[in-house]
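Look for chain A in each of the two complexes below; its partner is chain B in the first and chain C in the second.
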Partner chain A sequence: MELIYNIIEFILPLEFMEYDFMKNALLAIFIISPLFGLVGSMIVNNKMSFFSDALGHSALTGIAIGAILGISNYSLSMVIFAVIFAILLNYIKNKKTASTDTIISVFSSVSIALGLVLLSKYGGINKYSQYLVGDILSVTASEILMLLIMLIITLLIWCKLSNELITISTDVSLARAKGIKVQVIENVFGVLIAVLVMLTIKWVGILLINALLILPAAAARNISGNMREYTIYSILFSLVAGFTGLILSYIFAVATGPTIVVISGIMYAVTFVFRKK
Partner chain B sequence: MERNDCKHCCTKVDKLTVKIEDNTILDEISMHMHCNETTMLVGKNGAGKSTLVRAILNEVPYTGNISFSSKHNNSTKLTIGYVPQKIEIEASPMSVYDFIASVTGRGPVCFYKSKKQYAKIKEHLKEFGADSLIDKRICDLSGGQVQRVLIAAATMPYPELLIMDEPVSGIDASGKQEFYKLINEIKNTKDIAILIISHDFEYVRQYADKVVLINKKVLKSGTPEQVLTSSEFKNEFGMEVV
Partner chain C sequence: MKKNIVIPAILAIWVIIVLVIASMVETKRDEKLNITTSFYPMYVATLNITDGVEDVEVTNLTKGTTSCLHEYSLTTEEMVSLVDSDALVINGAGMEGFLSNVISNYSNLEIIDSSKGIELIEMECHHNHNHEGEEEEHNSHIFVSVSNYIRQIENITEGLVRIDSKNAEVYLNNSREYIKELEELKKEIENTIKSLPNKNIVTFHESFDYFAHEFGLNVVTKIEKEHGEAASASEIVHIVKEIKEHNVKCIVVEAGYNVNIAATVAKEAGVKIYELNPVTSGKNNKDEYIKIMRENLEVIKEALK
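The block that comes next holds the complex of A and B.
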């Protein structure tokens, strides 16, 4: 880790890069941003942005359950709850009893309300307000390693399943005729989003996580002529927004997550003007 | 493409019944589909045409049997190519290559373009007069062009049975004519059985080898002439197509 810190100081000889927390935050941004850019591109492609939004909201219930059970690391209870939430949501969605957006809204609102009810009774909501906007400066070295493992797992899943996910996004019957196990793959992807959202939410925040997943991909979609451009632009926009957001938020002493989102929003606006027609 | 009269391959649908709760959607449907033959499925809205297709695709639970036999290679495994009515590509960056490569290939299309795969897809698109579209975004194509791309994707490799769900909705008259000519060519040159859900009775008359009229059950099946002039057809649609 010392070596990596030295490299960062050498490449970025800025005053605030002397602090370890800034170096950690920078490293975390360099892992989280491409991860979000990549996963976000598929979320947008497969019209699942409400799904990831709902997952973000379910974090509150995960935290509450962790608090009630007395688990010291809330990530565990959040991940377990979110995985169950994602699979159950997919299951009910596939029953086709109501339209997908309605079912997601039901899950989303119930999980946020349940979280608030439980926290107000057992935990004290104020204690957990940090989860609403998140704090990237709190990331530690061991957590960066965990993020790196997450990135590698995601890349492996992508190599194996991204074509299937793209096919499913065009037509489910077509995918089934090609022998794709639609439900299994949707669940694997749902679980991946759930784990990613839960493991990063304390740095990114419940309120902003979906914006960070969706905006770079939405901006990339405006100007891409094929799937490779789309993926690389999405990752690139996410990285640029993350990096400049971190630096600017430090210079102007404002919250990092919201700064990144604002920059992503500007990118969306610019790409919208220059979009492919 | 060489003419190859097969007609020895047969997909048999035997007493296929679909019930959703207590509601019978399809009641003991039996039909045979042979290679080098275009079977067109006709019926009113809600007659169960799409449900029948979804049952053959194994998307809805059914009772009865779907079997496949081929005297060619003793194969008993039915491979199906499916051409949907439309695909979800609104404002999508997906190119024709991306689509076909993701449907047919293994290497992740969002990471790299395989030269080998690209050449193979281009060659295959050529059969459908669509090789010049390979780098275009699908959302920029006309309805007729999208259909060609969808058929190309469904026939790579050629399946035993090619199913199309109202393939020409939203395509103009000249596009429709071209489309059916293309289907005819595939039928005549490949060992493939074709099943089309269609509402265009004029094209049904011209291009079908066999027509199956359904409304929950098979009301009438036979040549286009036999079905389109039958009293059952008249009862369903209130007209005759001569």
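The block that comes next holds the complex of A and C.
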């Protein structure tokens, strides 16, 4: 860790980079933002923005269940609940009883209500309000390692699944005809999003996590001509917004997460004006 | 494929602009002893103790009017001022939950815990909580009791003397004088409240427990059993019943809090609402604790006469 710190100080000889917490936050952003850019591009392409949003909301229930069971590390109960949530949602969605957005709304609102009910009975929502906005500045070295592992796993899954996911996103019946196990892949992808959202929500927050996932990809979609460009731009936008957001939030003494979202929003607006028609 | 260069170029320019701005920002450093306090009452306490000492700078970490720190999250600037400071004065007793991460990460920061040796009131737990690894088992608003506050002054003074021994004399003097004033305040409150006919009150939440305990006020019930948790319909009915049963004449709320539910209860029970300040916000002036307490006393006199 010491070596990485020294490298950062060497490359970025800025005054505030002397602080370990800024270096930690910077490292975390360098891992989280490409991760979000990559997964976000897949989410947007497969029209699953609301899916990831609902997952973010389900974090509250995961926390509540963790609090009831007395698990000191809420990440565990959150991940388990979110994985079940994602698989169940996919299952019901594939029953095609109602349109996808309706089903996702049902899940999203019920899980947030359930979380609130449980927390009102077992311990008050205020203790967990840090999860609503998140705090990237509190990230520690061991947590950065965990994020790095997450990034590697995501890259592996992406290498394996990206072609299938693209095919599914263009035409589900074509994908089936080609022998792609649509449901299995959707479930794997759903679980990936679930784990990613739950493990990063502590720093990003329930209210903002979806913005960070969706905005870079949406901006990239505005201007890219093919899948390769789209994925690269999405990662690039996410990375630049994260990096400059952290620094600007320092300069103007404002909250970091929201600053990143605002910059991503501006990127979306600019790319919208110059979009490919 | 002109676009292939344009977008990365724009992004690169943007990053460079931000970096240039960043490199122009300079944080000021000085040779003073920087003492950071976690929140308002600690700030006022430390201001009194360090009064007249030239080379000490006291900064309050959580500016603004956050009355409780439960939902606080630090900005980058606050984080820097914290890491830069030589000592951090905290209330302790679980008040600064949001700092636990910071404190464990920066172990070289000198922490002055002012709650040392103060007897804590257990939180009324009517739910079965799992409190494992949590800090908020006790009521942390110890500073609202004058005796506790005096004890906190002593603890902070002790800490400051340890860190900055060359100014020890001044700290001890200041502390002695301030405590003298506080003792007077305490006597005044005691005498006034003793003479009041009805000592039953209903409070909004737990912040006045220590005060009530110290001066013999009887808190019949609280509207918010736990911080941030709204009373349910059945609880409101229960509270109204208790108010009538115990002949309570007033509901005491905290200034600056959303008191819609208190208003509902007050209307239903036919009692009045009075606002007290648990000394969690005010002017950046060292006499503020005593002033606010006197104002509170006036309100209590009016409410319980």
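The rule is simple: the second predicted complex is superposed on the first by the 277 of 277 C-alpha atoms of A that agree within 3 Å, B and C clash if a C-alpha of one lies under 4 Å from a C-alpha of the other, contacts with A are read in each partner's own complex, and residues count from 1 in each chain.
Rule of thumb we're sticking to: a residue touches a chain if its C-beta (ideal position, glycine included) is under 8 Å from a C-beta of that chain, and two chains touch if they have at least 3 such contacts.
Keep in mind it's a predicted model, so treat the numbers as computed, not measured.
> A:178 contacts which: chain B (first), chain C (second), both, neither?
first
> Now for A:121: first (chain B), second (chain C), both, or neither, which partner does it touch?
After superposing on A, A:121 lies in contact with chain C but is clear of chain B.
> Touch check for A:68: first (chain B), second (chain C), both, or neither?
second
> Could you tell me if A:47 is touching chain B, chain C, both of them or neither one (first, second, both, neither)?
Once the two structures are laid over each other on A, A:47 reaches chain B alone.
> Using the superposition on chain A described above, determine whether A:166 touches chain B (first), chain C (second), both, or neither.
First partner only, chain B.
> A:9 in the overlay: touching chain B, chain C, both, or neither? Say first, second, both or neither.
After superposition on chain A, A:9 lies in contact with neither partner.
> Taking the superposition as given, does A:101 touch the first partner, chain B, the second, chain C, both, or neither?
Neither partner.
> Compare chain B and chain C by how many residues of chain A each one touches, and report the one with more.
C
> Pick one for A:247: touches chain B only (first), chain C only (second), both, or neither.
In the superposition, A:247 touches chain C alone.
> Quick check on my understanding: which residues of chain A belong to both its chain B contact set and its chain C contact set?
Common to the two interfaces on chain A: residues 225, 229.
> In the complex of these two chains, what residues of chain A are touching chain B?
41, 45, 47, 158-159, 162-164, 166-167, 169-171, 173-174, 176-178, 220-221, 224-231, 276
> Could you please specify the touching residues of chain C with respect to chain A in the complex?
That would be residues 3-4, 7-8, 11, 14-15, 18-19, 21-23, 25-27, 70-71, 73-80, 83, 97-98, 101-102, 105-106, 127-130, 132-134, 136, 226-229, 232 of chain C.
> Going by the contact rule set out above, which residues of chain B touch chain A in the complex?
Chain B residues touching chain A: 54, 57-59, 80-84, 87-89, 91-95, 97-99, 101-113, 135, 137, 153-154, 163.
> List the residues on chain A that touch chain C in their complex, please.
That would be residues 12-16, 19-22, 67-70, 72, 120-127, 129-130, 133, 135, 137-138, 140, 223, 225, 229, 233, 236-237, 240, 243-244, 246-251, 253-256 of chain A.
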